Amino acid sequence: MNSFLNAKDLGDLKEALREAAEIKSDRFRYDTLGKNKTLLMVFFNNSLRTRLSTQKAAMNLGMNVIVLDVNAGAWKLETERGVIMDGDKSEHLLEAIPVMGSFCDVIGIRSFAGLTDRDYDYAETVYHQFVQHSGKPVFAMETATVHPLQAFADLITISEYASKRCKRPKVVLTWAPHPRALPQAVPNSFAQWMQEADRQALPLGGSKAGIDFVITHPEGYELDPDFTTGATVEYDQRKAFEGADFIYAKNWSCPGVTHPAGYGKILHDYHQMMHWTVDAEHMEWTNHAHFMHCLPVRRGMIVTDDVIEAPSSLVIPEAANREISATVILKRILQSL
Amino acid sequence: MNSFLNAKDLGDLKEALREAAEIKSDRFRYDTLGKNKTLLMVFFNNSLRTRLSTQKAAMNLGMNVIVLDVNAGAWKLETERGVIMDGDKSEHLLEAIPVMGSFCDVIGIRSFAGLTDRDYDYAETVYHQFVQHSGKPVFAMETATVHPLQAFADLITISEYASKRCKRPKVVLTWAPHPRALPQAVPNSFAQWMQEADRQALPLGGSKAGIDFVITHPEGYELDPDFTTGATVEYDQRKAFEGADFIYAKNWSCPGVTHPAGYGKILHDYHQMMHWTVDAEHMEWTNHAHFMHCLPVRRGMIVTDDVIEAPSSLVIPEAANREISATVILKRILQSL
Amino acid sequence: MNSFLNAKDLGDLKEALREAAEIKSDRFRYDTLGKNKTLLMVFFNNSLRTRLSTQKAAMNLGMNVIVLDVNAGAWKLETERGVIMDGDKSEHLLEAIPVMGSFCDVIGIRSFAGLTDRDYDYAETVYHQFVQHSGKPVFAMETATVHPLQAFADLITISEYASKRCKRPKVVLTWAPHPRALPQAVPNSFAQWMQEADRQALPLGGSKAGIDFVITHPEGYELDPDFTTGATVEYDQRKAFEGADFIYAKNWSCPGVTHPAGYGKILHDYHQMMHWTVDAEHMEWTNHAHFMHCLPVRRGMIVTDDVIEAPSSLVIPEAANREISATVILKRILQSL
């Protein structure tokens, strides 16, 4: 595996879940696989869960880890050719990236969307520069438009809890209010992975295969069709929630699909959108659904205290599965070296 | 051992000193004990000695280490329930801490006193949140009111030097001037450990057990009785120093015990307090005492160059023993997993 | 080897190159040599290549690594005795350095020139403080006046490419324009290593030993004679380039040798110096020379896109050899412990 960005990069998801379960039962099963192999984690943005879980995953496999925090402000990379570099950019990516690739065996990249230039963000420019110029396998630790380690952890979590209670899980991705403009990486990947699981007719519930996947959000927040084609979009949040087995809440800013000028913006004052907050009444509309969120979460905005603290909330096991998803990905990369 | 905050958490100090001596004679004796165990070091404040010595200790035991520097300004945790989190706090501790606990086996916490809210500081709020919500053993790498890794290193140092020269060591903790307001963590722990050593009649000197422990400081700087009950307080620095075998100098701000309104403040302009600086004349009052300080130390304020550079100064071996105290604590935690 | 600052510290360069080739053919050949040994990397300045390559080198040898980023602004060390430390310096180097030495086995130092006080910089004050007070072997990861890990990597690179094509390589160090004032560490070390290779009559080319080394720069940029004595200085860049096999480009600020008042300054507006930029026409003057630069490099200022991207450019293999030079140095230090 030379790149990990999308659900399809994993191939058969049933096999991927089998590997996840194997790692979870013994996370040090492959602890010599990474001997004398070095993971370089490059952070252009802050990180808590990804930083800790990916380091842990690499150490589970016996890898060495180097963490590089790139202060985006202090170290601006020139990307164009033919430029006289007499400004604030002191290095060209055509040197910086091959050099980073020289000192490691695998590279993880965290590089958030800038939320101003949709084409630049959705081309995954920074990520693909590393793929093209590093000479090493690269994986996304949340990039401009995707967060596959999170989505894989989410799928693992759903597989663990779905099998116990439903035939074919109904999974609802719901927008929720937030005071700041956030990227679409998490909802994009979650939608993509749920759709791919359904396409592969992944056996998750008791008797029927696949996922009944529904997305609900206010008008204007339509996600990019590359990630959602085939998914049901239901603008009425209550209708969407009916019969749901899993509620996956997340805020995202305008993806610029139906409102191109709004890309990366908050379309309505969040005070007007508080009826989208997932509270106990919302959860009563569901089929005793589990609550999920990728964290960090703002309580009172995305979800109320009682819902996130309820026994049916999966936010902590979901976060803990980040170690499992990262271990599987790194294991596959190491096995393909 | 599930938490390490106080002298009593170590139980029998004689046994603890035996383990320290064992580690010191072969610091890699237990270098497989920590295999596939991960220490997470969480720093809410800067650190030099603690950062280096605790990492070194973990590596002595074969552990993996993840260092997390939490910029207190950038990552404010909400601690209340029922709050609409639309301000600058983007995560609730009830999510953040269990998540951190998911990716490690042991957690070290550095979190200094804010020095504005005495109740909050002395309740050790941050530390206890980690104990309660992380699900993992937690130890203090200097918290609001204690610095037990330092105090244990100090005790090890005293045990190494006392046995050579005195029957029952007289140990004096002396306040000294400083231009900034400092926490009480170091003097609190030092006092607590000295008192506990005396209570256990720890055999340190040649023939008599325990420690003759005296605290001296200007009026207003009385330490919290929880840490000092039973200790002799002598406001006359000269009288305190007479016959001393060890002088332990440290500045601390007002603990707010006798002067509640002064909590966390400097009570007198330090220019007026320079007669408290430990110089050669002060040391002449003692029984050829060893000089100790936890470092970093401001020369000319706390102590003069000649005293800290004298052969009787123990500041470097004392700092080096930080590796030993941390290795013993981590060893005990690993053995109890 | 107790200190690594200069070419002479390596002794016989032929043997050093043999060790480099051995490491390059199997970089994990000595992967147990560093067991239970800890490298402390102390950064007073930013780093990308040195940070990554030196960590990788230490891990190649099975060492533990602790990285300490010292914010020069936040942690000012007092260096004088007899001072009352009531200002912004909270620790004295006479405590800080021995303490750092207590928790590791080897220390790497990055500490750039301040470019204001020539005597202070050229005395290598910070580096020698570590040598004198840490009690541990110390090596330079670019200090005020030298960058030996870079120069050794450069020599390895020249040895790899010279043997294939020339009898006795002509190596030209050329100044090139830059918008900011840069230290002289890289050109100093490069000149020193080339001269030492010549002095030892190192067999690099096909039949003749040593290096024909020429330095070219505008008047006023004369390097310190301690590093260049015996080297040819040619102010006419075109004459210098004629017949060259290797062009090593680098900017440096005024070394203050012929222009003492200009130390650390840019002597001419760089817009007037753009004829020094290495472009295709410059390279045509040479004997199909390889282009070298230590990186990071500003394109359009130091070198044009076509030259740095040409097959004859060695900037990436040169950077990759930083892992090799660092591994050899650390191996030697470990073998001497």
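Chains: A, B and C, in written order; residue numbering restarts at 1 for each.
Operating definition for what follows: a residue touches a chain if its C-beta (ideal position, glycine included) is under 8 Å from a C-beta of that chain, and two chains touch if they have at least 3 such contacts.
This one's a predicted model, so the numbers in the text were calculated from it and none came from an experiment.
Undergrad: So subunit B and subunit C are the same sequence; what rotation in degrees superposes their CA atoms, nearest 5?
TA: 120
Undergrad: Same residues or different residues: which describes how subunit A and subunit B meet, taking over half shared numbers as same?
TA: Interface between subunit A and subunit B is built from largely different residues.
Undergrad: Quick one: report the Å distance separating subunit A from subunit B, using the average Cα coordinate of each chain.
TA: Averaging C-alpha atoms per chain gives centres 41 Å apart.
Undergrad: For subunit C, write out the residues touching at least two other chains, lowest number first.
TA: Within subunit C, no residue touches at least two other chains.
Undergrad: Quick one: in the complex, what on subunit B touches subunit C?
TA: It comes out as residues 28, 31, 46, 48-49, 51-53, 55-56, 59-60, 179, 270, 295-301, 305, 308-309, 315-316, 319-320, 322-323.
Undergrad: For the complex, give me every residue of subunit C touching subunit B.
TA: Result: residues 36, 38, 40, 64, 66, 68, 74-75, 78, 81-87, 89-92, 94-96, 98-100, 102-104 of subunit C touch subunit B.
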